[in-house]
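Two complexes come next, and they have one chain in common, subunit A, joined by subunit B in the first and subunit C in the second.
== the complex of A and B ==
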């Protein structure tokens, strides 16, 4: 829930999604759902030498369960808000 | 749960019609797209066939060879995308990555296996392209893939439910009529199909506060119950 809300605030921002199969895709975050499925637009593969055929796809849906990391824009993290929200989540659960 | 691509040969009408679906378990046909070629890994395209998107899986059936067909469950589709860059692939297509049982293996070995075209081991196919002859349908197909992917969350998650959102107090009071199957997350407005750009940080804080109020309500109710027992 927390990360769902959190990622929704990053909609429109540029993020890099790293998959469990080591593929890293950079793109504009279009949307995210409660399963943390991620839709990116204007995507490009970070390691283009390794994945030349995926050079560019227009839009891309990534299944939440295959995501290893999401790299955020540094200024996209409101640390205080995240601290507070994390504490609330911990208390609620 | 079987990961990866598999053969699909069960057709209606004595083997010449559409796919036989698992309607007993709620499988529904969502869309049919005729004249679609399929490309597995780096192999040459196989044409033409019909693409059947159901609520559970993607099925491609050859129009030429009635004994030929492939299927993959949505929970094995790691990623799908619209590919229109001719450098990526000459024809505009839906590009998919498939999570396979043999996913730990070396990708390069596997691709050279596929290229040699000797024996095709479907369980090792990690990429599939679907090339509709009508390229104007790509966006519609993409959206349908997204919709169906959301209908198929991780099976494990589904079994466990979302019990973790309950506080200990709530668990102790299960007999008070609270629906234990209550799904915290089922909010259709949060569908991935919608752009969520209107949610700013303040909105999130509000949302979290609302959640807290729910828990507070529950506690107040517990207190109410306690006092009625006294």
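== the complex of A and C ==
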């Protein structure tokens, strides 16, 4: 549940989600669930010309299983905190 | 995607906020289906009413009516809410008939196959 909690803390931040089909979408993280399904708001596709059908999509739901990367704001990652949480989880606490 | 109560459903990742709205479903094979979201579950299985497939080839497009569709969740890549205020496609795109889009699709496929076979034949030239 570590990454679920981690992504929950990122709600409201601007992220870029790159999918396994190479489509990259930038938008405000609206919510995440246990499957790491992601909802984005005010989305725009990074390569708009290649994906004209996405023009009028403002909000979207992305299935967790198709996500390749989530590009985060640089100040959105507290490595020390994540590190500690990982050790705690590994210990079963 | 839990069954959230009506108050926090708008804050959750549930698809409930898209119910009865016109949505775009992007499938794993690249197909784009449009329709009204009538039902869904935790796997992102969805029911689309008045579904149609939008085929885009270059600047040409066509909507092929399909009817009522149940889509298995594993094939879903993305579900987008369509902003009805905005144009669905850029203004330079033209709507064509089913026959025409099928022809364009076939031409595109043939071109890809040709490009592939040419490349294979020229492989000894070591492109990369």
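Following the convention adopted for this analysis, the second predicted complex is superposed on the first by the 91 of 93 C-alpha atoms of A that agree within 3 Å, B and C clash if a C-alpha of one lies under 4 Å from a C-alpha of the other, contacts with A are read in each partner's own complex, and residues count from 1 in each chain.
Here is the rule we use: contacts are C-beta pairs under 8 Å (C-beta built on N, C-alpha and C of every residue); 3 or more make two chains touch, one makes a residue touch a chain.
Everything numeric here is computed off the predicted structure, so don't read it as measured data.
After superposition onto subunit A, the modelled positions of subunit B and subunit C overlap sterically. Touching more residues of subunit A than its counterpart among subunit B and subunit C is B.
Within the superposed three-chain model, A:24 lies out of touch with both subunit B and subunit C [touch as defined at top]. Of the two partner chains, subunit B is the only one that A:88 touches; subunit C does not reach it. In the superposition on chain A, contact is made by A:5 with subunit B only, not with subunit C. Of the two partner chains placed around the shared chain by superposition, subunit B and subunit C are both touched by A:60. Applying the stated contact rule after C-alpha superposition, one finds that A:33 touches each of subunit B and subunit C. In the superposed model, A:78 makes contact with subunit B only, not with subunit C. Looking at the shared chain after the overlay, A:46 reaches neither subunit B nor subunit C. The intersection of subunit A residues touching subunit B with those touching subunit C, taken from the two complexes, comprises 19, 21, 23, 30-33, 35, 37, 39, 43, 53-63, 65-66.
Residues of subunit C that touch subunit A in their complex: 1-2, 11-13, 15, 18, 24, 26, 28, 30, 32, 44, 54, 56, 73-74, 76-84, 86-90, 93. Listing the residues of subunit A that touch subunit C in their complex gives 19, 21, 23, 25, 30-33, 35, 37-39, 43, 52-63, 65-66. On subunit B, the positions that touch subunit A within their shared complex are 75, 77-85, 87-89, 95, 97, 99, 103, 126, 142, 145-146, 149-150, 153-154, 157, 164-165, 167, 184-187, 190-197, 199-201, 204-205, 207-208, 211-212, 215.
Across the interface of their complex, subunit B is touched by residues 1-2, 4-6, 8-9, 11-12, 19, 21, 23, 30-35, 37, 39, 43, 53-66, 78, 81, 85, 88-89, 92-93 of subunit A.
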